[in-house]
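Each of the next two complexes has subunit A plus one more chain, namely subunit B in the first and subunit C in the second.
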Partner chain A sequence: MRRIVRIASWLYALAVYGFIFLPVVVLVLFSLQATSFPIPPFTGPSLRWYDAVLSDTRLTSALLNSLLVASISSLAAVALGFLSAWGFARFVLPGSGLLRGLITLPLTVSYLIIGMGLLVLFNWAGVPKSLLAAGIGHVVINLPLCFAIIYSQMGDHQINIERAARDLGAPEWKVLLLITVPVMAPAIFAGFFLSMTFSWDEFVISFLLTRFDTTLPVEIWNLLRSGLNPKTNAVGSLVFAVSIVLVVLFELTLLRRRKA
Partner chain B sequence: MNSVGNIGRALPRAGRALPWALVTPALGWTLLFFVLPFTAMGLSSLTAHDGGGFTASNYSEFFTNPSYWQAMVNSLEVTAIVTVVSVLLAYPFAWILAEQVPERWQRLALMLAVLPFWTSYVVRSYSWLLVLAQNGVINRALTGIGVVAEPLQLANTRFATVTGFVHFFVMLLTLTIFANLKQLSPSYRKAAADLGAGPVRTFLHVVLPLTLPGIMVGAFLTFVLCIGDYITPQILGGNNELLMPQLVMMQIGRRGDFPLASALSIILMAVVTIAYLACARWLKIERA
Partner chain C sequence: MTAPLVDIDSVSHRFGQQTVLKNVSLKIEPGSYTILLGPSGSGKTTLLSILGGFVTPSEGKVFIRGVDCTSVPPAKRPTTTVFQDYALFPHMSVGSNVGFGLRMQGVDGATRAARAREALALVGLASSFDKKPHQLSGGQRQRVALARALVIEPAVLLLDEPLGALDLKLRRQMQDELKAIQKRVGTAFIHVTHDQEEAMALADHCVVMNDGRIEDEGPPERVYARPATRFSATFMGESTILAGTVTEASDRTSTVATPVGPVSLPSALPQGSAVGLAIRPEHLVLGAAGGGVRLGSAEVSDVVFQGSFKRVLAVSVEDPSLQFIARLPASAAVQPGDTVAVSCDTDQIILLTD
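Up next, the complex of A and B:
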């Protein structure tokens, strides 16, 4: 009986892993296709489609745009999230629960609706579609995340270190820069990398709020109009690689915190 | 929270200005770029596309136009299928990872299981299009071994949409259910075994009920993310049958009809809120 369960478990787990990895394997494999269609039989390996991606200025500038929007919006989200988390964790504010609820509220609303709302508002206010508009949207989705991560990590022992610094005469800004930021560094990094990942992959807000200069997911979306194309496979594989690097960095900061 | 409160009171030097200076930027951002846009969307939904005063015509259009209704029905059907299938696939998988895989390999096994979770939505859906295409991998394999004579129509169907969604949510639910199973104290199982319950009875009467709240949270998350997603149905389902997000985007893209798109978005959000209220008592989302 126990053996049957074991064998069945292995088979089931293999089947699910197969299901999970099937599209990724097909994507990466056919990005190395030598001919013009990313369908069997496999004719590669060849790097010609990666060449095509890297010499396509629309894709490379979209890639730079994505990195720019992701890093700046994540910096803004993590700065706002950290300051507010510190304020709420350290001081008694009237209506604190309600205000914290307000900051985390965007987590419960789908990106489509956040993007729609900003589109309607910017349309009325005459704000043109731009990378800046998309970046503002990305801060809206990532600020609650950064706030929640950092706020949940502000524990009692950190409060005691801060208190010691204050007792020794450190002014608030010194406490913040020399004590709180270093102590909270793992949570701050975690918030930053998670924001980077989400902003890097985000589609619908960028799609609604940008026009000519746009981010990589939107440019890939435009590529899809030409149907199945190994070039799309190549750029998709590159995007996947960047996401994996971000996730591994995220894991490492988490692990380091656990060991600390 | 008590301790934090005490410390706050023990800080007379800080005054009132500092704490507000810390929280105001985040609050201001949320008000300006989340609450205000949402209000603008609400107001916009009450105007007509061609100008004029306030009107409820966008909402009545949704309730009287059968094709709009149909989009909501499609959305609810697809979301329900996706949620049920994903939970049924993910639970045994998470159980195997938590119970059958040796402890030292678990972290790696879990990380592998959710790796494709981190690809962008657009790329993931495109990858499934490759797999399901007319002469894609699956059809080549099926015709190759002679299961079917002609390639099956897999892409641009509801089946494709559901497959793309299930792929994503199996990973998400595996994460949440795995975490739940690991939190379960082993003493429950020992107690059940001491009282003479076999593994099956222990699972049905102890493990499953105790992990049910976690499953509910995961299922609700699936519902919310699935019903609001535009990319998966647009890339994999095509335009054969419309889901609500596709209908919303169509109003903006083809007709520039912001008021109707706003109204449809608000209706979609209302459905999510109703679903939340309906299962609120099972959803005890912990707050830090």
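Up next, the complex of A and C:
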């Protein structure tokens, strides 16, 4: 009886992980297809479709655009998130609870609504559809995340450390730069890498807010409109690989903090 | 007479509705070791925060070296603080921690390192220059915090319960070191504690605080031997306190009626006034070979052996609400249940008029 339960639980775990990872495995597998259709039987392995992706300037420039938007919007989100977290943690503000709620509110709003809202707003303000507009959209979705991560790590135990720095003659900006930022570095990096991950494969906002220069997910969508081929698998696998790297970096920074 | 180094002038402070300091005035002399002693909630830490510039008092002024520092921020005043949790910068080496204050003053790297090394040598940690704070023990962190605060040569060093987080043995050892370091550098130290033994061991000047007020201040010997108030008689060491009323008064002596009988004292007191008579445990005599003043008899309720002495609690037969606290030699043969005569010498009685 006990053995049956054990086997059943293994099967269940296998089914769950299979459900989650099988599509990815299929995607990666058929990106190595040697023939023109990403359907069984598997004819690879071959890197011809990766070659095709890297020689497609539309895809490579979209990839660079994505990296640019992800890194700059994440920097902005983490900087703003850090400053707001510090402000809320260190100063008594009127209606602090309400304001904190408002900052994290975008986490609960769908990307579609945020994207449409920004589209209407930018239209009205005369900001053209561009990578900048998409980047601002990514700051909007990632700032609450960075704020929440950094604020949760900003405990009272750092107050005395900041006080000590002030006591030893540090002006406020040096306290922030030399003490608070390094002490908070794990949370700041975690916020940054998570923002990068989200910005990197974000589609809806980029789709609504860019036109000629666009990000990789939007370019992949363009590609998909002409039907499936192993090239889309290859580019999808590349996106997945970068996401994995970012998530691993995020986990590592969190892990290092716990050890310290 | 020279001006005091620190002059706290009629300082009061409120947190919301609660008044935590009530019209406190205090002068600190250069080179002195001052202890602010009191229970939690007595306002001693708030007073220290006001000195350090972390709190601006609701009323009153603070002068340091004759300059009004009442609302000068911590960075700009000649004080440094050793925090209770040490507040070392965890991401910096011990050497960078100690050199931080000098760095903020714009001192160049080589001089900074040399002076940080000197300061670390002063606290006996010369070899820890390149270590990180988390590699050090509690006592060592404490010393780094001390070196970091001393290296910029403050006018006054403020210590907020600096020994509170250490175990008893280490605390006594650090206590001796603190005193030695203070003598060597000659900086005025102001040290907050609730440990009266620490206060007696370290202080040149002991300030007993309670409920936002200074109850008593002076050399610890004086505060112990002649406490000014009932509170300081019980907080700075223990005392048995007899309540009494002055029944007879002449110009040299008075007689005080107490629950254990009349006691005559060699001082002039207004007739009819209520007074307290405090007696230190080591001055109470239990048994036949008594002192000059008879204090009735008492039944021993508890005997606690404490190594070099026995602490004895005895309930007065004449007034069961009165408990005598006595300290007898370790060899004394007393048992709970014994009834003994209680007495003391006239000149050991501390008169409290508050």
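Following the convention adopted for this analysis, the second predicted complex is superposed on the first by the 260 of 260 C-alpha atoms of A that agree within 3 Å, B and C clash if a C-alpha of one lies under 4 Å from a C-alpha of the other, contacts with A are read in each partner's own complex, and residues count from 1 in each chain.
In this text, a contact is a pair of C-beta atoms (placed from the backbone, for glycine too) under 8 Å apart; a residue touches a chain by one contact, two chains touch by 3 or more.
Note that the structure is a prediction, hence the values are computed from the model and not measured.
K.L.:
What does the overlay on subunit A give for subunit B and subunit C, a clash or a fit?
P.N.:
Result for subunit B and subunit C: fit.
K.L.:
For A:L107, select first, second, both or neither according to whether it touches subunit B, subunit C, the two together, or no partner.
P.N.:
neither
K.L.:
A:R163 in the overlay: touching subunit B, subunit C, both, or neither? Say first, second, both or neither.
P.N.:
In the superposition, A:R163 touches subunit B and subunit C alike.
K.L.:
Report for A:L224: first if it touches subunit B alone, second if subunit C alone, otherwise both or neither.
P.N.:
After superposing on A, A:L224 lies in contact with subunit B but is clear of subunit C.
K.L.:
Check the contacts made with subunit A and report whether subunit B or subunit C touches more of its residues.
P.N.:
After superposition, B is the partner touching more of subunit A.
K.L.:
Touching A:F147, do we find subunit B (first), subunit C (second), both, or neither?
P.N.:
After superposing on A, A:F147 lies in contact with subunit B but is clear of subunit C.
K.L.:
Looking at the overlay, does A:L14 come into contact with subunit B only (first), subunit C only (second), both, or neither?
P.N.:
A:L14 sits against neither subunit B nor subunit C.
K.L.:
Could you work out the angle between subunit B and subunit C as seen from subunit A, using CA centres and rounding to the nearest 10 degrees?
P.N.:
100
K.L.:
By the touch definition at the top of the document, which applies to A:K174: first (subunit B), second (subunit C), both, or neither?
P.N.:
Once the two structures are laid over each other on A, A:K174 reaches subunit C alone.
K.L.:
A:A185 contacts which: subunit B (first), subunit C (second), both, neither?
P.N.:
A:A185 sits against subunit C, while subunit B stays out of touch.
K.L.:
Rounded to whole Å, what minimum CA distance do you find between subunit B and subunit C in the overlaid structures?
P.N.:
Value for subunit B versus subunit C, nearest C-alpha atoms: 5 Å.
K.L.:
Which subunit A residues contact subunit B in one complex and subunit C in the other?
P.N.:
163, 166
K.L.:
For the complex, give me every residue of subunit A touching subunit B.
P.N.:
Those residues of subunit A that touch subunit B are 5-6, 9-10, 12-13, 16-17, 19-24, 26-27, 30, 38-40, 80-81, 83-84, 86-93, 99, 102-103, 105-106, 108-114, 116-121, 123-124, 136-137, 139-140, 143-144, 147-148, 151-152, 156, 159, 163, 166, 172, 197, 200-201, 203-204, 208, 217, 220-221, 224, 228, 232-233, 236, 239-240, 243-244, 246-247, 251.
K.L.:
In the complex of these two chains, what residues of subunit C are touching subunit A?
P.N.:
52-54, 73-76, 79-81, 83, 85, 87-91, 100-101, 104-105, 134, 148-149, 152
K.L.:
Enumerate the contact residues on subunit B facing subunit A in the complex.
P.N.:
3-5, 7-11, 13-14, 18-23, 25-27, 29-31, 33-38, 40-41, 44, 89, 92-93, 96-97, 100-101, 111-113, 115-116, 118-124, 126-131, 133, 135-137, 140, 167, 170-171, 224-225, 227-231, 235, 245, 248-249, 252, 258, 261-262, 265, 268-269, 272, 276, 288
K.L.:
Show me the residue ranges of subunit A that touch subunit C in the complex, using the header's touch definition.
P.N.:
That would be residues 157, 160-161, 163-171, 174, 179, 182-183, 185, 260 of subunit A.
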